[in-house]
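Starting off with a structure, shown below.
Residue numbering begins at 1 within each chain, and the chains themselves are lettered A, B, C, D and E in the order written.
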């Protein structure tokens, strides 16, 4: 058999084997915190397909989407500003690094005190926490545009808007994308945390509720759903990224092959 | 394409770019196309200033190919960047047709030493060519025609839709040259354009360079490490030396045209010319 | 589809915390502006009673610094983060070398890791709290869950990324397997490992705080929760500022260590030609 | 009667979790007045975020004992978490319900703003009500109060908020009602909010509500010490009941609340035993209200020492 | 140092490495030092196999400098990797002193085309040199002596404590050569060792190469793109061509020794030889 085929089989078989092991290993489980996978899946179906889907899952995802998009837009715009206007950068870069250093989840209690615990708070938390990776990546990406590329722009006398749109933005693209990916992960974490603190709706709240009432199967179902959402959002992001940055991925592959 | 271009294709390029015809009364030839007079360049300022170019004087006539040779780090790239208006001169003057250079002059296109970094990897070959043309606000057909012509000149018509990193080094270098050609500069400046390509490709690119001069009527300035190449290409070779850099000598190359890779290089005059340059370079600093 | 972060090259140096402090004058001005805006917002009452003034927060901060419990909290949080990070590094590098050197392991774990990677540790927090209780051990375990995978994946990529020319050099000079691993592969992978640890350092702090805030583990996270629950908003803000300082310190410490270990790498070179 | 100290002669330390509310006064007495020392044990307290967290810690062996109201305990027992009741922490005296001014015994309260227009529990249908934790004591008792008043508790939008945030949110109108526990009930009164109902006493009627429970590890390995804890804490409970004025001060101290504010709140009661009947009554109510799928099978095995 | 080395330094190298003296009765010179007979090499297998080298036959005598030239991608690096035992041959045989090569032979040191990747950036120059020596378990003084000797030969004694990336390209290349020298191979193989260094450094390195041959008595095989360089360096030039690669011709170079950058290159024979090779290369495939 070809090595590629063996690898493919190994790659797909391992996760399947893990799932089977879990199923078999937990089937007889009497441990209150490790219920049988079968009952977890049963609760998963009861809870999320589609009983609480509209009331909780969609609410969570909506907050995530709105918060994340806002964070990315603000991050890119501010990053551009910081990268291109040096005095602004000198003034606020230390502050940005300081705020970035604060664990994003710690901002949730603060935002609760300032704007309460509604959807606004959750979205604001997501925006505030997810903003910084994108902002910093954009700033770094623009600032580290290759000197030769800058010279090419000058020699061919490209205008400032043209430089921004056609050269700096695509050149910083790979970095911005990795910043956005980190932002996405943080947004997801903060989504959960903001629901665990001061909320009765959303997947995070449901999972915490299950924990506090010792409904282990419900809690596992929540963990499973959150894991699945984390995985899927990341997957969607990866697909979008590999579309937008096909040139980058291709050139990297080329570079490695040579 | 090149063979069939107009007798004064340059005037044609001119008018195409500017939309007006250059006044024929301009004292062409009366003064050199490109003129470097007492140029000096230091990097940094104050105590950390580093004088790279001491005092350079030379000139390039319209339609000439001039090669610049000199050891690594002497300041060849620095000189070209000054000419292209990327760095201001620290002292002395650079003039194009008598007008002092300040800021990137529209007459000049520069092909960078590091082609792999000067091409935008996110643009296809064609889009790379179009990048500097967009702001000229030319009609679509004109844009397309220019790209096609330039790609044809470098023999890469088939690669228009590919990305630079999908091409070999020699092909990338040719794309960078094509981009400069499509821009239709009056003066084409190239920084070690043929380093790190194999001998065969190098020969082809050298001949391409001579063909461009003849076909587009451009004035060409080439920096190279390779003395054989300099002698083969140039009408004149400017030899740089000492630190800070100055012109050791300008060697006039007297070889018949058109040149041919095998027969020209086999001429005894060729050997004599390259020995002359070699001796200048090898001379202890 | 594995997106491993390649270590930045010299041309694309990341702007770290250290570089942020390069122009202190302007930075101080910016910080002062932010503080004044905060003070004004708090005094105007526009954002409600939940926002204490900057000065009150400063005073609270000064009060906290003389309490031994405060320092114990910091020690607990930093200790949890560091212990978890150290454990993650050991596990991650060991696994990374194993997986990176043997293709079947890599193939077997690729999809699994791809699936697990985007799942943040906060997801399993409720379970961890149930099983291990609100303890430091639980928090450390959570940190390991959050960081070990990243380090493993990066180490694997680093081992895999070892320059084939370097490996061929080693082979052509007759270096043995172990020698090649120690002298070629590991140093080559070090930039990736260093990068993963640097990325994981703030993450470990975040998780240590989350474990306290949402899981009741000891440390600043728990104090944060208690301050919020008791409505001590000045304490809450003071603690958040402490966390910011801790984060900054951790970032620059990890950057410094990385620079030490990787002074030869293009992203850290000084005086390269 | 003192339990055997650890082999090296120093007293064995019990790790005890509390949630930092007024009923901790008895724990403080046992500590300060040396009841624990008399029994040859020492106690180290840890504040946990909420009762479920304490239960989790107890069952995993991180804590030897934890404070929990009976409802989270029943939730846990229904999921077969092996816990045992050691002693009573707080509750209602058997006479409280008979007192015409029964409200003064209830340490829980449902508060609304004075201008809210909500006059009775039934009006809470369709509004947002804060609770400190879902499916725990306050949600259950408030649900019963609403149901008893003819309302439908499932139409209430429950918000999980810690007491401080709940008070603040009530003030800002972000929630319509806040369910609170002492000393926050007192603070809410102090802030001018209106007590809509005291759901606790009506629900539980009498007996121990807050319990000291232990997990399987301590129950096996530290039986003697737990019994010592039981004896000491009941001594302290008796003292607390006997000295209401001093206890008020103690509550103010342990909850860091002004004594005048504490005085506005309920009279605490520290029971001297836990009765299976009282737990069973709660059990039945939970099942009736749908918080438990079915009643948890209870018998004396849930006690470390079967109640007399 | 080099000038004063033993008359048969090679035997000395041998005995130092193996700890025994080579039997003098070995039929030296009777068969070539390095012998490539009908070598073929394909990458991949089955349907995706790509035949890079078709059928190569040539040999190198002891103490010779042989240059291999040919267009880019023809398989020069592939050939060297096969010789160094890094890839198994697909067909044919390679022999050193009559013994078939299987696995990296201790007699050979290979200087890679990409010096910047073959030097370990985390090791200083000296440690890079020591890297392949460690497992020979030599006494400390011997290790130190070897490093010093090799660095002196390439003129980098002062750079021992620096990191490779603190050096210029030419210096890095010299470090790679020094590493090979310190290893004391009988056969030194270099893959385009002087690409991308400036003309002056290139001249120096070329002369270094000839000095090594004379001083250490090594047999040297050099791949290059540069025909002038090949003619200048070599006793024989192997010209590769066509795909899959085969030997187009082996050109014997008849130039006087010692060679000199200026005078040798000015000889009419030099011009004739390079024209001969050039013609072979330029010939359409």
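Here is the rule we use: contacts are C-beta pairs under 8 Å (C-beta built on N, C-alpha and C of every residue); 3 or more make two chains touch, one makes a residue touch a chain.
Remember, predicted model here, so these are calculated numbers, not experimental data.
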What are the chains that subunit A and subunit B both touch? none
Touching both subunit B and subunit C, which chains are there? A, E
Interface ranked first by C-beta contact pairs: A-C
Which chain's mean C-alpha position is the greatest distance from subunit A's? E
The assertion on subunit B/subunit E checks that the Cα superposition rotation, as a multiple of 5 degrees, is 180
Which chain's centre, taken as the mean of its Cα atoms, is farthest from the centre of subunit B? D
Which integer distance in Å separates the CA centroid of subunit A from that of subunit C? 16
Any idea how many Å lie between the Cα centroids of subunit C and subunit D? 39
Any idea how many Å lie between the Cα centroids of subunit A and subunit E? 52
CA centroid of subunit B to CA centroid of subunit D, Å: 86
Note: subunit D residues in touch with at least two other chains are 162, 165, 168, 172
Note the residues in subunit B that touch 2 or more other chains, in rising order. none
Going by the touch rule set out above, which residues of subunit A reach two or more other chains? 112-113, 146, 208, 211, 214, 216
Chains touch one another in the pairs A-B, A-C, A-D, B-E, C-D, C-E
Taking the touch rule as given, give the residues of subunit D at its contact with subunit A in the complex, in rising order. 50, 52, 55, 72, 75-76, 78-81, 133-136, 157-162, 165, 168-169, 172, 174
Along subunit A, where are the residues that touch subunit C in the complex? 3, 6-8, 10-15, 18, 33, 87, 90-110, 112-115, 136, 139-140, 143-144, 146-147, 175, 178, 181, 185, 188-189, 192-193, 196-197, 207-208, 210-211, 214, 216, 219-220, 222-223, 226-227, 230-231, 233-235, 238, 241-242, 252, 256
Which of the residues in subunit D come into contact with subunit C in the complex? 20, 47-49, 53, 56-63, 162-165, 167-168, 171-172, 256
Please name which positions on subunit B make contact with subunit E in the complex. 69, 71-73, 168, 170, 195-203, 225-228, 261-262, 265-266, 268, 270-272, 274-275, 278-279, 281-282
Spell out the part of subunit A that touches subunit B in their complex, as residue ranges. 146, 148-149, 151-152, 154-159, 162, 166-167, 170-171, 173, 247-248, 250-251, 254-255
